[in-house]
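In what follows, structures are represented as structure tokens.
Paired with chain B in one complex and with chain C in the other, chain A is shared by the two complexes that follow.
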Partner chain A sequence: MAEEKSPSGFRYIGTKRRTKEDPRFVTGRGHYAADIALPGMKHIALVASPHPSARIVSINTKPALAVPGVLYVLTGEEFQGGTDALYVGVDAPKVTRYALARGIVRYAGEWVAAVVADTRAIAEDAAELVEVEYESLPYVIDPEAALAPDAHLVHKAHGSNVLYHRKFVWGPVEEAFAKADHKLAFRATWGRSSTVPIETFGVAAQWDAGTGLLDIWASIQMPKFPDQAARALKLPGNAVRVHFDVDVGGSYGLKRGIKHTVLVGFLAKRLGVPVRLIEDRLENMRGGDMHGPDRFFDMQVAFDRDGTIRALKIRAVDDVGAYAGRSPLQLGKPVGAICGPYQIRAIEYEPTSVMTNKTPQEAVRGFGQAPTNFALERAMDRVARYLKMDRIELRRKNLIRKDQFPYLIPSGTSYDSGDYHAVLDKALAAIDYPALERERDEARKAGRLAGIGISTCLEPSGGNTSFEILFNPKNETTTWMDSCLVRVDLSGSITGLMNTSSSGQGHETLVSTVIGEVLERDPAAIRVIHADSLSALPSNSPVGSRMAIMLGGAAAGAARKIKDTLVAIAAHNFECSPQDLEYRDGNVNVKGVPSKVLTWDQLVEIAHRKYHQMPPGIEPGLQAKFVWEVPTGPTVPTPDGRVQMYPCYSFETHIVYVEIDPDTGKPSLKRYVCGHDCGVMINPDIVHGMTYGGIAHGIGASLYEKFAYTEDGQLASGTFMDYLIPSAMEVPDIHIVDHCTPSPLTTFGQKGSGEAGYLGAPAAIANAVNDALDPLGVSIDTLPMSHLALWERISSAAKKSA
Partner chain B sequence: MKSAPFEYLRADSIASACEALRREGDSAKIIAGGQSLVPIMAMRLVRPSLLVDINEIAALKFIAVERDAVRIGACTRQALVERDDALASRVPLLRQALAWVGHVQTRNRGTLGGSIVHADPCAELPLAAQVLGAKMVLRSSSGARTLAAEEFFTGPMVTATDSSECLEEVHWPVWSEPRTGCAFTEIANRHGDFAMVSAACQLALDGEGRCVRAAFGLGGVGQTPLAFPRLAARLLGTKLDEAVVKSVAQDAAAQTEPGSDLFATADYRRHLAGVLAARVIRAAQEKAGGGK
Partner chain C sequence: MSEKLYSISVEVNGVARSAHVPARLSLVDWLRDDLRLTGTHVGCEHGICGACSIMLDGEPVRSCLMYAVQADGHRVTTVEGLANPDGSMSVLQDSFCKCHAMQCGYCTPGMLIAAKGLLEANRHPSDTEIRAAIGGNLCRCTGYQQIVDAIHDAARRMASGAK
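== the complex of A and B ==
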């Protein structure tokens, strides 16, 4: 592959270069949790509750234990006696959660017992023989019903189904609503979807009684995972070693199998044999606790006749299912981009996190921002329609201008940089917008339903803890660092150590590119390895689109220390000041005297072997670590809940053309352009790949994917026959247009892009579908917009006109 | 998702397969491509005591183009059926239907006979068989018998096949009329999903564009794939003008008894049935060089 020179003057950053990890993935040499094979390893299958809500009367494990090859059957009684409850993200200590239920089950699919056997197949055979007697209890499936005063309580001890509720008022909201020319209100509903990686969650654990150490290999993407596992297992932190060199087969936020891990860790220690659990698809989708936001928004907008949006009132109710975890916090992150990319000066935000008897929710790509963007963008289109104003003009009028950055939004967050108008213009040019409008209008004349959708959305990136302390003042935390260690060995080759696992984000490419950039050495020759949790520097894992910023910044910081050391060694040997030297390609020479040079190899040799040539005060060997805090740092929220959320703000605009078959309701996406600005791209292929995947994911959330529940509390879409992930046949050609507004806060001007595409696609597709339905006088604000839902809207219009 | 324990027999001849079925009775299952059977076994929705593997039986893999019919061995891969040009010129509906069956990858493994004996009422090959009046040759230790599609499909996932019988081959009638056209279409959420409704049609026209022979049917809207010979007869002698096609399609839709599920209500299915029936009739007419 030809290497192109970066347009921004970097040597490696931003150039089109082969990624470091992909060759091993595409040649089948990845090393996943399911590749962990420990001698004598046993396998787990789970017994799941068939009831959405029931009392466990008795469990008879004898028939299962009688099956040859079965080692053990663990129930919640023993498990909960031996472990501590899992972490809860909000102040709800009575909402206790364990991997195995004891006494009460709270959703269909909840794990009741774990069977340990020689093979997974035997474990499944035996799991069928575990006899559980239940006494069914009332249940609640609908989130609004769960909010009713007489609702069945999912956790009686908590006293309410509400996990979190607060009304934030930022700015003169009532005044703006009183003075505005117009107001409108509507409800937007985001269906219960998620990301569903091909790899389910997998974890293997081995207890070494000799050393008192529990080794864990897991397909994990989770901050504080080793700490939480150790705590729940009642072990000191240094008795749990999590191996981060396990490849993760996709995560997009949700590979947080902490309950699985505590279960497997407990069994490995209890039984003294290595134990592995690889969820099968049925366990994963019902009981893996990996559903995403399930949310409706009651939106109110106050605006003037010229299109100025004065204020918003947003009531967001999110159904997190039967247990808490971190899921209520998915209502918290959007605080940092609650007005989207728009100049809206007054906002009321009323998030409510409510429990129902459904599968619990986990963090999903964007951590609640994609649903919020969908609601905001539907509001923009509804305002435009109300005013009969062009949707693009309305957006241009309200978008923050590039000369307004840094821009402080009402909820206390400052946006770092952006040029939203330029990105929008680029995308409009790329799709030839006037021609697209003609295409749509001709299709309409020919009797087809055709629509164009636009969204302009933000991707907060960099991550921090602000929503944790905002949603739970008792959880006083403001630190969210990441780290890197760079080591140059005696042979002169470079190794970067990262301190968490990767789930497809290309961190090895990121770290090697950044180190190569700083040290002016070829990234292809730089190895990047993953520490284990006991040898690792602090990390908060690849969440919140933070690694390009945080791991990239840490790798650059460590590499700069190496570079400074090399220059110091040269200065000492040339008996000059470091300012008199120049560093080029790893060699250091006296400025203007190229022949007076110490080469990379010579400098490395001095560092490792020639202490007599080392400057005083510098450690021998050649390694450096750098621990970096989020550039803006998180802030402690003000009493009215204003806080600096994430540091960096990427921007994306989507323009999509859809046609809907008026006779069948079948939608097809005909054209798709995404304009994207995530600052300086470290590796454009990785950014584009993430954006492409994010758009496909957004197509799923908007048109296909839903964890649907029956009225009697059963998951109706627990397999890939009914949970519909878009395939290559449903994803159109996607044209991504880049723009670069560097962040002033980061090492190279980079911003995050891990959630790109997903944050704006559902909004644009919903707007396109509504544009297509507009001539019929009907609309749809509920995702996913299934064929059936679209046909019902179309036929309701036909009935109206008849 | 591991299947319940089962015995496995790799049969080397039709006779040995039939003998195993006779011995084992109801609880034996034949496995060919496994594209439907393996997932439902993995979910433990079926628990055969014995799997009789017919993949090694060469006698079940053939495409024989004859004068009035094409005979296809039950274990012939769908991909081979789809790619066979001689077959496509005689029974063009098969290629059209197969384009909707799963994906290229599943068709490489899935067999023609497997899909037909699985008898999913929304599956494409059973609908094609029903519309064309294909004949199923069933073999058992005590001999062979032939059943027409209308007798063969008896309910959702149920056929007239006895537990001791193995589907040996399927005979697809060849229409001799020079101006013959056919079409297949369906609506599914995603390409390759189970169809909410599918529709198939084959027509022959005379020199003036008058319909001289017609067959059409609908899938996903009843207990079995449905053919509508009486309604098709109403097309004969007409030039398939708008009114005729519409009324025939609407009457077909009215005769369906669809169910409701997560993705489609009965009303939606019935509506789609009318839309798709009209579309396949029109498309078949165009293929036959009529209309316009």
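== the complex of A and C ==
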């Protein structure tokens, strides 16, 4: 497609450009974990507990070991003896977690043994023959039951099922509740779902006894992954080399197979052969520890008759399953956007992270913000309904105004910039809101259940780790940098080195576009490679919608150093000041004298070969690194828990029209518009793609997807036949309307967009469904709003009216 | 293992391939592990996600639900066989790049197969026909919008004679 000039005056940024990554994917040349084939590689199959809670009485591995082709059977006894427990995000040192259980199993699907064989098929055959004797123990599945004083303890040594609890009070909450004209209270429930990538988790490892180096290839998206793997394996950090050039087949925050990796690394070293584990779908769904937030909110809102929201009380209980990891911190990130895009001056927030005998939770797109946004937006609609006020009018009244930025919210975070009213207006215009209302009303007259939903939500971006220090005073992490190295070789070609793997975010395109922008060189000719962890600069991986800001900022910083070097070389050779020169397309000439020029090739030649023409004090060769800390940085929280969470705040408004079949409860999304402002877009196709995808995730979370558990603790939706992922038939045509409010904090004005769509879609869809149910006098505040759940409400209303 | 082996002959991407395989070897494992055609991906292993889609005698099928022995005597096309004879990208592949119809790329080979199946049967598909044709292929990244756009784009270009 023809390249278009960027509307914002950039040369490459913001223009429609093809990505660097796509050609290898359409030709079948992607390089995923399951494509790793090492000479002599062995394969793992896992033995999983069928019980949600049990004591392991004995394990007999002999029948499995007798199968030809089986090399080894590892149990938790040996594994836990040889490795350290995995990292816990909050202060709960006795909630120990390993890849293989020893003594006690705490959820159905937990791994108890690993079989290593010549092929995966043989390993699976032999895994069936591992005889494990269990003694059933009590268990707890419901999070509220787990909070009861006499509840079964998932981790006895921890002394409680509560991993984290605190009540934050920011501002005069009680006073606001006392003075407000009205109050209302309700419960909103976000079901246990996840982003469930089509690629399961995979990892291969190879130990070299000669060098003492463990090589790891994994479908990974995780900060500090190499450090944590090394620590658990009791190896020095420089004995583990993680290869970041593995294409990750989708992640959305989730691909953090640290337990898988420690297991595979241990076996590779223990057995002296390369070993690979590729989860099958059931292992992934049940034992992969990749479920998402499972959370209910008890919401209280204090508001005046004119629609002013005075204060909120939010009690959030999140069921993280049987182990901790980083999942309790998913209650922490929303502190940084706890009032959403609204001027709400007093907030009480009481998060509780509770353990049950279910599959553990992992970081999911938005890190807890999507459920929080859903609860906030249900509150807005409920207030509007209570006051019989227009929902858009109520939002307009409470939204932070453009002239109020930077805007400090009660929990201590400053929002960088925004124009929420303008984005809302654009989206309303795009969908022709008055016409949409007429369409809905006519559908209702014709006897159909029809509703419009609106949400106005924030996407915190530029991810730092303020929630760690907020939720765990023993964790003093305030650094969360990212880096880039730019190199110009003797031929004049440019290479950018990034220091993490990618799972579809188009980082190679991002880095090459930014370098090309700064150096005024064609991004198509710039190569971007992924380092391995031993040759990498510091990175914290693509979490928290941070890479456009952090990797983009680092790449720009490194490129600017290269540019400065080139100008310095020219200044030295022209015997003038750098201020007398101008840089154009990589060539440097004396201002106003285009003929007095040193070309890119000449400058590169000097840098690499002609030391006698180099200015003093400048390194020969032409490369530069830039390590960038998150702008605003994480701050140390105040005693009452106020903290600067993420630096940048993208905004999205969703308007969706739904019709529900009254006979089946089946909802159909008929119209969908999303107004989106993430500042300056580096590559609009990538931003739009992630936004469409985030909306599809939101459709799944709100209408279809649930890791359902039976009362006896079994996962009832471990396949794609019962865990329902929206197809192209459920996801409607989506129209995105862009708006650009640059961030004052970033290199080009960009904000993050990796979680876009997902942060506002469930809220809007829930509001649309409730608008459709409103004439029946019923409502629903529990996700997913399955066909059955909707049908039950519709039927109950019909019975009532009969 | 002394598993009984069966001999098969399959034309894969225009090349005759022969092998001795156990009865329980799935077609996708044979393609990926034995022939090292790793472009075809495994997603769910129970026929829902469509990541493993290939063409069998010109029709899209799921290679995770077939055994290699069932492909004996048939013609298989994988994503590696979608390029033009000179090695350049086909229009369909190019349209996927042009419209950025992917992110992580994992479902992409299956999507291309589904789209190829559609466009060979229907040169002017509607939006609904495109969505129905890829309805059995799950994508978690794109929300399908740019995939639908890409298939429309390819249909238009192919209608005007592009290859």
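FYI, the second predicted complex is superposed on the first by the 802 of 802 C-alpha atoms of A that agree within 3 Å, B and C clash if a C-alpha of one lies under 4 Å from a C-alpha of the other, contacts with A are read in each partner's own complex, and residues count from 1 in each chain.
Simple rule for what comes next: a residue touches a chain if its C-beta (ideal position, glycine included) is under 8 Å from a C-beta of that chain, and two chains touch if they have at least 3 such contacts.
Source: prediction; values computed, not measured.
K.L.:
Looking at A:R18, would you say it contacts chain B, chain C, both, or neither? Reply first, second, both or neither.
P.N.:
In the superposition, A:R18 touches chain C alone.
K.L.:
When the two structures are overlaid on chain A, which partner does A:D35 contact: first (chain B), second (chain C), both, or neither?
P.N.:
The second partner, chain C, only.
K.L.:
Considering only touches as defined above, state whether A:I734 meets chain B (first), chain C (second), both or neither.
P.N.:
So A:I734 only meets chain C here.
K.L.:
Given the superposition on chain A, which partner contacts more residues in chain A: chain B or chain C?
P.N.:
C
K.L.:
Pick one for A:A446: touches chain B only (first), chain C only (second), both, or neither.
P.N.:
Once the two structures are laid over each other on A, A:A446 reaches no partner at all.
K.L.:
Which partner does A:A209 contact after superposing on A: first (chain B), second (chain C), both, neither?
P.N.:
neither
K.L.:
Which of the two partners, first being chain B and second being chain C, lies in contact with A:R281: first, second, both, or neither?
P.N.:
Touch partners of A:R281: chain B and chain C.
K.L.:
In the superposed arrangement, does A:A802 touch chain B (first), chain C (second), both or neither?
P.N.:
In the superposed model, A:A802 contacts neither chain B nor chain C.
K.L.:
Touch test for A:G689: chain B only (first), chain C only (second), both, or neither?
P.N.:
second
K.L.:
Quick one: is A:A435 in contact with chain B, with chain C, with both, or with neither? Answer first, second, both or neither.
P.N.:
A:A435: touches no partner chain.
K.L.:
Please identify the positions on chain A that touch both chain B and chain C, taking each partner from its own complex.
P.N.:
Of chain A, residues 121, 280-281, 719, 721, 727, 729 contact chain B in one complex and chain C in the other.
K.L.:
Over in the complex, which chain A residues touch chain B? Could you list them?
P.N.:
Contacts found on chain A: 120-121, 124-125, 128, 280-282, 663-666, 704, 708, 716-717, 719, 721-722, 724, 726-727, 729-730, 786-788, 791-792, 795.
K.L.:
Using the touch definition from the top, list the residues of chain B that touch chain A in their complex.
P.N.:
1-5, 43-44, 103, 187, 189-194, 196, 262-265, 268, 271-272, 275-276
K.L.:
Spell out the part of chain C that touches chain A in their complex, as residue ranges.
P.N.:
1-2, 24-25, 32-33, 36-46, 48-49, 51, 78-80, 82-83, 89, 93, 96-100, 102-109, 112, 127, 130-132, 134-148
K.L.:
Touching chain C in the complex: which residues of chain A?
P.N.:
Within the complex, chain A touches chain C at residues 1, 18-19, 21-30, 32, 34-35, 37, 68-69, 121-122, 195-200, 247-252, 278, 280-281, 503-506, 685-686, 688-697, 719-721, 725, 727-729, 731, 733-734, 757.
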